[in-house]
Amino acid sequence: MNRIFTLLAFIGVPMIIIGSVMDWPDIPIFIISCISIIALAGFIGRATESLAIVSGPRIGGFLNATFGNAVELIISFFTLKAGLIGIVLASLTGSVLGNLLLVLGVSFFAGGIKFKTQKFGIHDARYNSGLLIFAVIVAFVIPEIFTQTMDQVDTVTLSIGISIILITLYLAGLFFKLVTHRGVFSSADTNKEEEEIPEWSKGKAIIILLLSTIAVAYVSEQLVHTFETLGEKFGWSELFIGVIIVAIVGNAAEHFSAITMAMKNRMDVAVEIAVGSTLQVAMFVAPILVLLSLMMPQSMPLVFTIPELVAMITATFLVINLSNDGESNWFEGLTLLAAYVIIGIGFYLL
Amino acid sequence: MNRIFTLLAFIGVPMIIIGSVMDWPDIPIFIISCISIIALAGFIGRATESLAIVSGPRIGGFLNATFGNAVELIISFFTLKAGLIGIVLASLTGSVLGNLLLVLGVSFFAGGIKFKTQKFGIHDARYNSGLLIFAVIVAFVIPEIFTQTMDQVDTVTLSIGISIILITLYLAGLFFKLVTHRGVFSSADTNKEEEEIPEWSKGKAIIILLLSTIAVAYVSEQLVHTFETLGEKFGWSELFIGVIIVAIVGNAAEHFSAITMAMKNRMDVAVEIAVGSTLQVAMFVAPILVLLSLMMPQSMPLVFTIPELVAMITATFLVINLSNDGESNWFEGLTLLAAYVIIGIGFYLL
Amino acid sequence: MNRIFTLLAFIGVPMIIIGSVMDWPDIPIFIISCISIIALAGFIGRATESLAIVSGPRIGGFLNATFGNAVELIISFFTLKAGLIGIVLASLTGSVLGNLLLVLGVSFFAGGIKFKTQKFGIHDARYNSGLLIFAVIVAFVIPEIFTQTMDQVDTVTLSIGISIILITLYLAGLFFKLVTHRGVFSSADTNKEEEEIPEWSKGKAIIILLLSTIAVAYVSEQLVHTFETLGEKFGWSELFIGVIIVAIVGNAAEHFSAITMAMKNRMDVAVEIAVGSTLQVAMFVAPILVLLSLMMPQSMPLVFTIPELVAMITATFLVINLSNDGESNWFEGLTLLAAYVIIGIGFYLL
């Protein structure tokens, strides 16, 4: 798998450079960009993990938590720069839905086919479900409802306030998990750390992380410019491109590793990747983008469309209910996938 | 009780035939139809149970699950045929509310008066609550929100897609409960099966099932035509007739058996009847009706009114919260009944 | 602390009398009224507790439960009499939010700084979460949604019906907790009762209770008349005054005792004060005010504004999720406080 990724990255990135210089049509650029980003995401993931192992559990956890959605953040940044605020909010929605329903659904289902019942830590599940409710039900719903009679200035003020609170609470959560309540959470992690040896040395990892990030940034900028053509050619709405297409490309790396872990019966890690990545998008990537947008001509409020918000709320309630007992099976996975398909059809027809 | 039912059925059905030929006024037809259907529902229930015992646990479970709401399905079919889509959706809502709040409420309350605390299987409760959230919060809410800006064609497309997914997941759930994860669920059922002897032989049960179903169909058709007069005479809205009247008549059999079981301290069975019947209505009867309506002049979308949807959502959250611990008492029953009364007053005044 | 309260009450109340006779400006009247009410609330709390100990656990529990929000009820009564229905509903919202997010948040946080993990009874937590869902999600949401197409008369009828059901269920809940299922709930209470000796004799307690209540009533009437000026001077909306200012003054006593208990690692009592007080406001104070308003020129329906309702719903889901495991820590406290700040900013900007 890693070899294929290396090959794809080393072919894809030069092709995009040539294509953008020679002004190739948008559809091949779109396809090559998507493949290249998925391949590069693999490199970023491996480099981050190597650095995390070298740096010890605390800084390592912090690195994983902040670099985990680097690709997502970079694509969104360039989409934001292009003024496509609707697609940014849609792709954030898509990340939340993709991680909660698709990644977790496939993990539960694929793992559940091999193992009758799989278990994961109840403490982690409760920590995650508390923050999911905080982020989706409180921090995303309040601006939606309260800004309906507000003017533009107050809407931005409320968005900034909520963004700062989200980032603060996210960092406080890392402090809680990695420092003050470290022993309380699953001991599986501790065992894992002991055996693990980093794939790359510290220096090599930093260089690869740097180069891959620059490459992702370059490719993302080309990708973003194909969206308009894509919508016209296939009749896809901004919403559908953001929620389904961008979200799947931006999260391909998480999808792959979560499912691999589920098949190895390490459901703890699979859930942590899927739900942890959701929380990162909702409590870190989204507010960072809101704050970054203040330096751009058009600022992005933290106000989703009603369908986006309702999709995230229903997904949150379903996932919390299915995961709160610390057990999973194939049928729970199928239920999550069925919810993903229903919401997908909804966004396609919208 | 069974004797009275036999008597009522053997008097009621001929009276309806005579009444419809002689063109009796609507009010007596309405009353006699309701009583006859309740009596016939008893026969269908007993015939299904006899067949289920003869066929062994797997096919038996399947029979119970599919024939359990036969009466509901037949009444709704004729209401649909008469073009009264509003009453069909209202009676589906009423079934969900009646089973979740009224049946479960009376079971918890009546059982709780006799026994201080009653227990039922936590695995079953979790399975049920996951599907309740899937059906009511995901599959019913998404079309409501997403179709608000959609045209008629897309609304029907979305309804069909969701209906197919609901039926598929419902059947997958039966496969999960009856085949792959049979041992995991409450062993109470297994004990029950061993002792049980069928009331009727296989042949007799099939004939009774067939005759009762035909009779219910005939009576339902007469019943449906009285709704308009009923609304005019008593000032009842379509919504109130559907949510309260049709729902209580269509589910009388479940009401009776759930409460009997609760009084015998077999709360497992009572909860299974009430919540199982809800899931059947939401995941099987409702989508089947949506698909059947495609062959009629006017197709029925899976789009409830806002009050119907909100009533179902609030009932779902209340029931999940009260039942997730696998324990019940009289006060939890009273809470469910209080919610039913509040919602009932609301629909009456609407 | 008690001495300061005595001093404040004995200075504040005469000042208000003088001020109202001499027609002082509204801002000093507002500040002195707030301080006096907080001080008097301390007296009412101590008198009620003394009476509760003397009367034995059952009547004591009942006394605590009904007199606990006396101050809140009195302020709201005079606000209602002044025709400021918007502020009454806002201050009820503010009490619910203040108790659930602020009081519980500070208790979890402050207690969690001293103790790594604090525990409280799971039976109590489940009883509370069931009633929270009943009150906020069912009894407050239904009138909001159903009255949108209703005329004035039906809206009042529905409000009266729901109010009577809320009060009945609240009293039934006391009967459940104090009589039929007494042993089931946390034994911590029983131990507590044995050691406790009343601060004041029965006669003294009754006199203090009576005098403080009269004083609170008098001061509240003066306080209410300052609201209009307050809004004009500081640009605060009716909503903000009700949700934040009145709610904090009306619940200061609870805030203080809950946090004290949390710091002593008696999280059972702290949660009982915070959530118990919420339930009292939602299921007893609010419906009583609806019924009292029928004797006034303008009756108050049980219909909150959408932002008020959404804020209460999101707070309810967050608290239920964080408290259902019977454990708390500093990070859960911080999460609750973050939600309070987000909602507070929202109401300020509205």
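The first chain written gets the first letter, and so on, giving A, B and C; residue counts start at 1 in each chain.
Criterion: a contact is a pair of C-beta atoms (placed from the backbone, for glycine too) under 8 Å apart; a residue touches a chain by one contact, two chains touch by 3 or more.
By chain, with names taken from UniProt: A, B, C = Ca(2+)/H(+) antiporter.
Since this is a predicted model, take the numbers as computed values, not measurements.
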item	value
Rotation angle (°) superposing Cα atoms of chain B (Ca(2+)/H(+) antiporter) on chain C (Ca(2+)/H(+) antiporter), nearest 5	120
Copies chain C (Ca(2+)/H(+) antiporter) and chain A (Ca(2+)/H(+) antiporter) - interface residue numbers shared by over half, same or different	different
Mean-CA-position distance for chain C (Ca(2+)/H(+) antiporter) and chain A (Ca(2+)/H(+) antiporter) (Å)	41
Contacts with two or more other chains, residues of chain B (Ca(2+)/H(+) antiporter) listed in rising order	none
Footprint of chain B (Ca(2+)/H(+) antiporter) on chain A (Ca(2+)/H(+) antiporter) - complex, ascending	116-117, 306-307, 310-311, 314-315, 317-318, 321-322, 325, 329-332, 334-335, 338-339, 341-343, 345-347, 349-350
Of chain A (Ca(2+)/H(+) antiporter), residues touching chain C (Ca(2+)/H(+) antiporter) in the complex	126, 129-131, 133-134, 137-139, 141-143, 145-146, 149-150, 154, 157-158, 161-162, 165, 168-169, 172-173, 176, 180-181, 184, 320
